[in-house]
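Both of the next two complexes hold chain A, though its partner changes from chain B to chain C.
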Partner chain A sequence: MTFTTLPQTILSPSTHEFSGIIHRLEAGGSMLPDTPENLMQIIGIYKAYAVPMDFYWRDLLYIAEHVFLNPLPAFKYFLPQEYLDLHNHYAGDDADLRIWRGEATVHPELLEFIEKGELKQKLPKLFHHLSHDRVNMEFAEACMRAMFWHRGMGGQFDPYLDTDEYKANADRAIRAYFQGNPVMLGLYKMFPDMFLEQVRELSYYANLGLFWEVMAPVFFEMSDLYDEGKLTTVPEAMNFLVNGIFAIAGRPIYHHVYIRGECYEIIPKSKGFMWLYEAALPYVEAVFYRTSPFRGTKSYNAQAKQVPGEQDDFHYGILYADVFPVGSAGIPPTLLMQDMLHFLPPYLLDYYKQYCRGDDDLLIQLGISFQRSMYNVTSAVIQALRTALLYPLDDPNPKHLMANRQFFEMQIDRFKRPEARLRDIQRQDYR
Partner chain B sequence: MLSTLIWFPVLGAIAITVLPVRQLKLAALTISGLILLWTLWIATQFDYTNPLLQLSEYLPWLESLGLNYQLGVDGLSLPLLVLNSLLTWIAIFSSQEETQRPRLFYSLVLLVSGAVAGAFLAQNLLLFFLFYEMELVPFYLLISIWGGEKRNYAATKFLLYTALSGALILVAFLGLVWLQGASSFAYEALMGQSLPLWLQIVLLSFIIIGFGIKIPLVPLHTWLPDTYVAASAPVAILLGGVLAKLGTYGIFRFGFGLFPQAWATLAPGLATWAAISVLYGSTIAIAQKDIKRMVAYSSIGHMGYILLAGAAATPLSLVGAVAQMVAHGLILAILFHLVGVIETKVGTRELDVLNGLMNPIRGLPLVSALLVLGGMASAGIPGLVGFVSEFLVFQGSYSVFPLQTLLCVVGTGLTAVYFVILLNRTCFGKLDNSIAYFPKVEWRERIPALVLAITIFFLGIQPSWLVRWSEPTTTAMVAAAVPPLTQPAIAQDLSKKLPFISGLSSLEKQ
Partner chain C sequence: MADIVDIAVSAEGFKTLVTAVQVANLVETLKGPGPFTVFAPTDDAFAKLPPGTVQTLVQNTPQLARILTFHVVAGKWMKADLEKVDSVISIEGSPIRIDTSDGFEVKNATVIAADIEADNGVIHVLDRVILMG
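Moving on, here comes the complex of A and B:
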């Protein structure tokens, strides 16, 4: 779809504050301006993000399925071999739907990092872990918790966690897990909700793990396509995402637990929870838009009223985040930036070296590229939603186009607040 | 041996004028580094148990004028000599790589260093005066050529004030020698003079006002904020770190040393003056919106402690005074250097614009951290050199002038107030994303501050290295000064004549 040739004459120009961006969206473009520099930044970041993401999804599933209710999960970030070998459902020869043409097992760069770390030395895993030479899995857990805490963002998955059916499933798994452990069983008897809530959280571990299992191969493939010269514009990159979203929209979201070799289906696949509605959209809402205020930026003091009373009003996601304090205390995205730093493609490293403080402020420069790339991902989500709920962009009916416009304006309204970085990413010198 | 400290920099200043431009900074650094090493070597040769002049040098020069080339070092001047050599090195190190007209700049800096060393070493009043005047013109040029905006106004103001200061001092020196009927200006010969008290008071007043301009004390200070602010960082370091010490050194050596009786008479007034100076400097600093001005006013406040200690004239307070001179020199140097770095990187000194410099990646984290350390040292936080010296001053002065000492303690509280304001606005908070693309700080810009920070910290936890040099000398000065009158008696005596002071002393008794 080429967006430049679309008839713009049917509707009068938008009077919205961000009319330029809305017209771009109506023409099939992205919120991120289409420049080669932007494309290079976002693709490079997709690549750098996908490698730790490959760890995130594997470990999230490992925790949801195996670590489960371990009261002292000291080694939950130590992936066993079977999870490194676990086949991604969207890569490799036996894929359900082959998105990435690479291997289905763990990404080679990630494997090298797990083995050698930043030190570039083969040492016992525990040593790498204790010297903090590792993937910052805490970031993935923070994203999971954001989704868990911002409940009720639509979909069926979340209400299901409160049903009796879910409680019965969880109950079976809890009893099986603590079998032969009278202390924990006694505790469960006394405080059943304590364990049930833990299981709910673990279901979100599975949810997010399954979400990222899709995104990692999508990003790897985009990076490969870019390297092959097959992705040449920002809208193309966005449309690849839109198509990917529709291709995978129906993949099941479930929570299985493996206890002593037996599988307990806490959320069975047969419930029919779908990736798009139960994982992707809640994720975008919870992590891109809302999350929770950074402890280093906002005061949680109730009298100060800096944090909104309603969760709907939360606006601390990556689309609003101030990336400049990355590296300071109390700024959670630092963890992710630090993870991506290890896997930057060479062209992006060279690019960053030319600007600002070069090597010294890589974390912030890549953080801002990350923000740009997530604006592009959000654009893809908005376009996908528009495709699903409304009308094609080349619809000849002005009423339909008007409905599209209202939808876009409504979406962009969320970026009117001063914290939103939509204005900034329009400028190339925001870096 | 001592002459090297004067003439090596002067020769260096001349030599530098013929060197190729690219090696100038390196050459100046080498020269000042050698001077620093030489000074440290002199310190090792110095016998700090001996209160008298050491390593003296004497050359007859203009006998008919009573001007002879007489040098010597004692516990009062040695720490200041080391300070001078260190700060010269620091100032040259912290000068910009791309300084305009570098030949003249480095020559002048070295010339100033030599002149200041000469003034600290001179044991002849006229010789002292020569060196004292010798730094005047170089400083005028350093400010007016390499300064910021309003540099011409500031430099002229500095020149006029300093010239007036010189004139007053010369009047006092000449008056002393002529009234005494002495044949030479030799310091030691003039020490045991026996002029009538009222005449002593008149001469001492000239000296106090003359040096008080340089220190500066409160109504005589108006040149300071303009000059410090207009001067570039290295020049400000020399101005605040070294030149101000020339004033306090002069007041001690020539005021207290030559007129002990008159000094004792004026002491309560001086102590009150010191307290006013401290409170004024600190209060005005709170109101400033420019960080360099804040640091400049902090200097006025801190020099007040030295006068208080001098007025009290107990052995402890004088040790404290010398310690405070050194401490203030180090602290002011680190603050001016850091403020200079901030100004070059951020491009502003405005408190309302600066923000979030503690940001570890896009800010100036090490510079901010050292600024916090400097501010804490200045405010007298234990563990740093400022506390040691201030505590010595207070401990030494309280028994003599309790009220004034307490007012000065309030002054340190105010110092903490304005430094917290400064640190809060510059280091804390969050960076303004629209301007926060500062260039990175190079290691060569950090080194001077690191050297000073280590010194400040070291002397803070090992203060005997700060005070042991001057202890015997200052004790001897007090011993020489006290016998004529015991101090409480003076206060009693004066309280009958001056109602203001009697009011104070009645307060003291309560």
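Moving on, here comes the complex of A and C:
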């Protein structure tokens, strides 16, 4: 793939603090510099992330559709066989749109891990769970809760949760779920909003599950293409993501609940909610940019004013995170790093062994690769938005190119704050 | 004169749009009294979308209908009327930016044929599919 330097010849150079990165975006590049080392790191991490993600999306949907309002959901992380066999809509022979050429059912490496765990021994599921030899599903729930708590980040999904139509749908499902249970029905009568809010949260479980159902096959396919030698540069990896975002943009986002074999449509597909607007963009805003301050790095003391008063100003997502304390108390991404550790491709393990403290600080090294890879995903989102809402990079009209530039500058402005890691990922020795 | 759907069917270059409108069950709506202003992307405009986009939308009709209703505005807005405003609200609910300062642009698309009158409204032809956001 070749990129012309046309924009620079028409527009004068940008005066932005990150002008080099702006010019790279204008030439069709990524925020992450295009080096073979960066490509290897991000693809290896996509693979290592996709395997636990295959568990996350299945379990999120299982909780939203079957566990539902169980007041004691002690076994919500125990996936039943039907959810291991559930066909991903974007993999396998019967896919709606085949992205990954592999199987539609659970990934074999994940299945092996569920059965044998780190101990490499077949033991009852409960034993693996209690000895914490398992997928850290709490991380997926933390992402869901970030989306649920930040709310109002665009799209029509969130406003719908406050409509009478939604409340009526939820009411029907709540009554059906607690049918024959006078205690819970009595509680529902007394505190209806308590239950309604739980259902809203469950709708976000469904939302995030449907979001990740798409990302897992995208990452698997990228890893396979890299192994086959068909992905050779960082911009190619980014463009694969851009095309993936467009291809799936129109998949429906919904929330169905199954009670005694009957399907209750809390959010029906016919509402027209779409993957791009109702799941992907809110996810990126909530999880990549905002989330919530790590308990281990910020004081929630109201007088200390370390935590912003406005949710818009939250900047605790992976694009800003300090990865060095990963593995210590109060650093939530540790859960994900631990999950990815089990599924690293051999080339990445060998790579980490050569640097820093080798085997001893794997979690931190892979955490930093993860940060690089998410800067590349965010670049794909920015390029996709530019493609959808603005103009092609080789547009001959200078006014159009200026509009593109202003859009890129506005996006990069968010990384001016000192916590942002955009500067760091430009250096190869940031590891 | 013919209505909006008839004009699109009889004109060259709107095959994808007409099929999409049929799949999304919007034929009856667009044959209704209206009046409507329709920003109609050509086949070339649909072809500019990355591969897979149209396929996913055709599989999911409510989502397809939402994208299509973003191309429709209530009322009959001729080019001369649109020159007086900065944006109009689509039937989908999101605003569409209008720029007539230099040519005739609708959001990030350019109008390649304006003011095609129908019984129940007017059609402006776009060189690109426009998207909400």
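Observations on the structure shown:
The criterion applied here is as follows: the second predicted complex is superposed on the first by the 426 of 431 C-alpha atoms of A that agree within 3 Å, B and C clash if a C-alpha of one lies under 4 Å from a C-alpha of the other, contacts with A are read in each partner's own complex, and residues count from 1 in each chain.
Following the convention adopted for this analysis, a contact is a pair of C-beta atoms (placed from the backbone, for glycine too) under 8 Å apart; a residue touches a chain by one contact, two chains touch by 3 or more.
Computed from a predicted structure; not experimentally measured.
Aligning the two structures on chain A places chain B and chain C next to each other without any clash.
By the document's definition of touching, of the two partners only chain C reaches A:248; chain B does not. When chain A is checked against chain B and against chain C, the one touching more of its residues turns out to be C.
Once the two complexes are overlaid on the shared chain, A:109 sits clear of chain B and of chain C alike. When the two complexes are overlaid on their common chain A, residue A:328 makes contact with chain B while staying clear of chain C. Shared-chain residue A:274: touches chain C; no touch with chain B. When the shared chain is aligned, chain B comes close enough to touch A:360, but chain C does not. After superposing the two complexes on chain A, the closest approach between C-alpha atoms of chain B and chain C comes to 38 Å.
The interface of chain A with chain B does not overlap its interface with chain C at any residue.
On the chain B side of its complex with chain A, the touching residues are 356, 358-362, 430-431, 433, 436-437, 439-440.
Looking at the complex, you find that chain A touches chain B at residues 297, 322, 324-328, 356-357, 360-361, 363-364, 424. Residues 49-53, 55-57, 59-60, 62-67, 93, 102, 107-108, 131-133 of chain C are the ones touching chain A in the complex.
Residues 96-97, 154, 156, 242-243, 246-252, 269-274, 277, 281, 385, 387-391, 399-400 of chain A are the ones touching chain C in the complex.
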